[in-house]
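Each remark here refers to the structure printed beneath this line.
Each chain gets a letter, A, B, C, D and E, in the order it is written, and its residues are counted from 1.
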Amino acid sequence: MNSPSLAACLIFSACLFCTGLAGVLLRRNLILILAGIELMLNAANINFVAFWRHHPASDDVAGPVMVLFALAIAAAEAAVGLALVISIFRHYKSTNPETMEDKSS
Amino acid sequence: MIGKGILKGMMETARNLTGSFHDPERLTTVSYPEEKIPAKENARNFPFLVYDGDDWESGLRCVSCQICEKECPPQCIYIEKDTQKKADFLGKLQFQPKVFDIDVSVCMGCQICVEVCPFESIRMDRDFEYAKSDRFEGLLLHKEQLAKSNKYYHQIHPTEATETDAIREGKRQDHLAKERAKAEKLAQAKEAASKSQSKEPNKE
Amino acid sequence: MTTVFCITALTTLASAVAAMSLRNLVHCVLCLTVSFIGMAMVYLQLSSQFVGFAQVMVYVGAVAILMIFALLMTRGGQELFMREWRPMHWLVGGLVSLALLAVLVGSILQSPVIQNTGPVDKVERVKDLGQSLVYEYLLPLEALALLLTVALIGAALIALPPKQYPIKPQPRENS
Amino acid sequence: MNSAQATPSSDKAQAGPMFESKTSDQAPSLDGTERMEVSMGPHHPSTHGVFRMDVELEGETVVKLKPVFGYLHRNHEKIAEGTSYLGSMPYTDRLDYFNSMTNNWAYALSVEKLAGIEVPERAEYIRVITAELSRLQNHVCLIGFLVQDMGALGTPLMYAFRERERILDLFESLTGARMMCNYMRFGGCRCDVTPAWLRQAHQVTEAFPRFLDEFEALLSENEVLLSRSQGVGALGQDLAIAAGVTGPMLRATGVNYDLRKADAYGIYNRFNFRVPLGSHGDVFDRYMIRILEMRESIAILRQAIRDIPDGDYVHPKAKLRGFKPPMGEAYGRIEAPKGELGFYLISDGSPKPYRFKVRPPSFINLTILEDMCLGQTVADAVIILGSVDIVLGEVDR
Amino acid sequence: MWFEDLLIQIKSVLVLNAPEGLRPILSAMLSATPILSAFGGLFAAVTLLERKMLGRIQNRYGPNRVGPFGIFQPVADGIKMLTKEDIVPKTADHSIHFLAPLLLLLTAMLGLSVIPYGEKLVAIRFEAGIVFFFAVGGAAELAVFMAGWASRNKYALLGSLRAIAQMVSYEIPLILSSVCVLMAAGTLSLDEVAKSQSGSMLSWYIMTPWGLMGCVLFLIATLAEVNRSPFDIPEAESELIAGHMTEYSGFKYAVFFLAEFVAMFAMCALTATLFLGGYHPPLPILAFIPGPFWLFAKLMVLVLLFIWIRGTMPRLRADQLMEFAWKFMLPMAVINLISTGCWIALGRGSLGWGLSALINLAAYGALSRWLSSRPNQQKRTYRFAEGPMHAA
């Protein structure tokens, strides 16, 4: 299988990263903000694999292993993050970060 | 041990599964239109009108007394008396129904009309395949549809029909006896009258 | 640079953009899932099977479901609509991310890395992966296991409702 | 229970899609989740006829349950006041259409009380036999339905119907109808039983315990059934007595009350049988009490079929037409399979009753549905309803 | 062997005669078509078989109207389903409502692509085939959610949430109980797993104590994963009408139905591959019968077992289902892993066999003792009334 070139992968992941960033900056819902962070993490993961794929060393699997670690961490992050969102929602009756400010003041 | 009860239950269903292939006790259903469970003798469904002889119109036992109409709990019987009378099995002139309708969509088959009928004319049928495409007119049975022969009655409820016939025979005997007695009385009276007067002829 | 990669990448990007911009939050999460699947396909094209499947398993099977549950529990369905539309906010945010994109793409295109290496013919072997996990990266793996356990318990504790059910039946008044 | 229980949250959430409803005027409970109002019925597969439960759910926990009935209201009592005493007899068949025999008996009993009619001994025996047979088929079908409500795909129900069929065949060959028997008359029964019929009834009775053993092997130890029914829908003795619950439901709570013993109506004091009692009052107890009662019914049937005397099957002076009881009132009650079934009659001396009132066991047992369901899950509410043993014909009348 | 070679010959002839550009597509289609058509036919046969067998269990005949012994019943059902009006609720999310059944079917069918049907008959030979299988299975949850959410029906939503909760929690014991086989076979690839069980029946993994326990656990988890009774809580008709399928009718409903059955077949095929020797015959003498036949025979045995269970069992409650997953399935699966480890460490001989059996039996005994000591698993005794009646 002919795999995509490194530049394509990197640009693709940069685009994904920026999409995630835009989501974090623009959306006003905690869950979507978390989703944006997940997108950014994934963009980084693609870079890991792409660099591993294009690295001349043949017997090393550091890239995929890093991705696996990142996956596990992302899963943990999602679990805790979403639990926090639920807990925040119980307290403030909203998942909009701005209304939270209003209430606490 | 958890799972024991479940295994026991599964053995039970397995026994029924295999049993359904060889044990008629475990496969009680029948394939209905091709195969029918033989009807019980007592089975009842909707009423019909019994007639004697071959002609349903003249042989109809109903004398239009309207007791069943009155007693019917859901009031599904509608009777209109005919002005013309006809002779019944005893030779007595009786009314006959001009209209006798039973709305079997209303009838609940309770058999009360049968029990109250003093003329043994209304009896329970056991036919149940009444599906019609027209549920108003189609299920309103008129007397020509309701009239069924005594032979048919014997076919579906042999014991009961024999009993009924015995009752009617008894009634006929009673009647004959009464007629005879009456005739004798009449004859005696006549004799007595003719003896005493012997003038006026009998108008009959 | 194959057509397959182009299609995958464009679909992934499009659904990621949709996930970040749609109004209906459930649609957002579903689009996000599509982009996760797209990324898994990119991994496959980079001949990294196990990572791709793990990606689908973790992100589609777990994270997306978790998000949906969180969405429904926070009545996300009702806060679907962005109540106020603030153009300034969007302008600034959009500009920042576009600027970052420009910087990144520029630096990637200028970087020497992309010139001197072509794709190497190699496949990720599950066996190698497993062996390197338990030999080379044993300590991180253990730490990760601990982290996951802690995260699991922590998440459960945080999300625990303040009151316990079931509700006891109330005695009838005057019975 | 939390504070939100008291807030009026109902009435609005019913119509409209669930996510678009305005939430601000709906008080959420403490943890911010919303209550869901579900109308189970009248066209819901679990509700045993046209019956509706307005259920309010917190997650899957029932916090409020309102039984709504009346969908099958047929004006039974008013119709009875407009027809002759005999004319109401076929209508009583249709109250609890599983047990037309016991319904007939309860009505006949109250009319006999009202008019002071004697019942010949043979008729009493026939009544006991038919009543206990209908108790058998009622209980076995109820258990079938109950397990069906637990999701058992109808297998126990089919077995129950297989056995019920044998009893219905008996009824058919005796009375002509399988369900709407219309068999009892004031002062006896409509027709006599034949020796052949008694032999057949004996066979059915003797075969029944074997079926019960099979049925219990299928169900009684099944772990799924145990965990579904034990501790579910528990009912306390005090509440049960206060609410007027009768029948197996009351006995499952441990109250020793069986009209066959307490009233000894008919000739029940001649038979040797026991009254099983539960101690938890939950769904499993109701299930087991019914199984045990069936075994006792078989004992009664054996004695009755053995001892049935010759004689009249109906009081020779009983009138069919032009029946007019003297002025007065009477309440006749029997232990129907579902509980105490009573008919209250007032006569003004005319051929029609002045007042006709039914005391249906299912209706009164149903009134405490909410008390049993609170704090349980929706799935439990379904089987609690199943364990009450209702027939909507009787509930709505 | 001859059968597989024949199939491969046919395929290579067909592919090689095609124009260059079409070859990969043609090859993929030629791999997919026999699998899909075989399972499509199996679906039709099993719907009939299930109804027949359930009927027999319930002392009925089952469908017997259409054709001799009702064998054309599936055709009639199909015609009925296809000609039925497709009703979509007005407030439903139309696109998602439409996509959900298709996605479910897709996930179910993708699982079939990694099953080895014969030594040479694997549609896609992934090195991590079983991970692919479970990853694709995970997407089914999403489809169920889409169906429930897009219907805008409370019953549907409740049903789909229950389904997701159930599938997520049973995925863990499912994967853990398959891991023991992967440990023993030392590979993630399904055809390697199947190959490692070649020989007679005795070399199947179900013949070891851990394999038996793993197989039982795997089957129970499979029941939950494909929403079959007694775990059909998502569609509990006595509570939730039809769960996430409440608002579906006609063709889409048929697709749901198909997806459910295909998922069941896929899981059964996986069970057969993992524990029952896959395409290997029970005795080496029987090797002249082609491998696919054996796989399908094993699959059918499992499907019949599922139907039998369905005819017997009442349904668990949602919370009891979770309880069962976490309190019985998960500990048992973990202990089973330990027992597998012992078996491997002790050289796969009779010593390891005995120790593994011991561990499993002890664990099962202890767990079932603990579970049946709970308040809702009691054996009760009943008393009969003595003394005076309660005053009326």
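The rule is simple: a contact is a pair of C-beta atoms (placed from the backbone, for glycine too) under 8 Å apart; a residue touches a chain by one contact, two chains touch by 3 or more.
Nothing here was measured: the structure is a model prediction, and the numbers come from that model.
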item	value
Steps needed, at fewest, to go from subunit C to subunit E via touching chains	1
Chain occupying the most central position, where position means C-alpha average	E
Pair of chains joined by more contacts [C-beta pairs], B-D or A-C	A-C
Separation of subunit B from subunit C, taking each centre as the mean of its C-alpha atoms, in whole Å	80
Cα-centroid distance, subunit B relative to subunit D, in whole angstrom	34
Centroid distance [mean C-alpha coordinates] between subunit E and subunit B, Å	60
Residues of subunit D whose C-beta touches two or more other chains	19, 30-32, 155, 159, 162, 218, 221-226
Shared interface positions of subunit A, touching two or more other chains	89-90
For subunit C, residues that touch 2 or more chains besides their own	50, 54, 62, 69, 73-75, 125, 161-162
Subunit A residues within the subunit C interface of the complex	1-12, 14-23, 25-29, 31-32, 34-36, 38-39, 42, 45-46, 49-50, 52-56, 58-65, 67-69, 71-80, 82-87, 89-90, 94-96
Touching residues (chain side subunit B, partner subunit D) in the complex	2-6, 8-9, 11-13, 15-16, 26, 28, 40-44, 67, 71-73, 108-112, 115-116, 124
Subunit E-facing residues of subunit B, complex	1-3, 6, 9-10, 12-14, 16-17, 20-21, 26-29, 31
In the complex with subunit E, residue positions of subunit D that touch it	17-19, 36, 38, 44-46, 60, 147-155, 158-159, 162, 218, 221-228, 230-232, 241, 251, 255-258, 261-262, 274-280, 284-285, 288-289, 292, 377-380, 382
Contacting residues of subunit E [partner subunit B, same complex]	53, 56-61, 64, 308-309, 311-313, 328, 364-365, 367-368, 371-372, 377
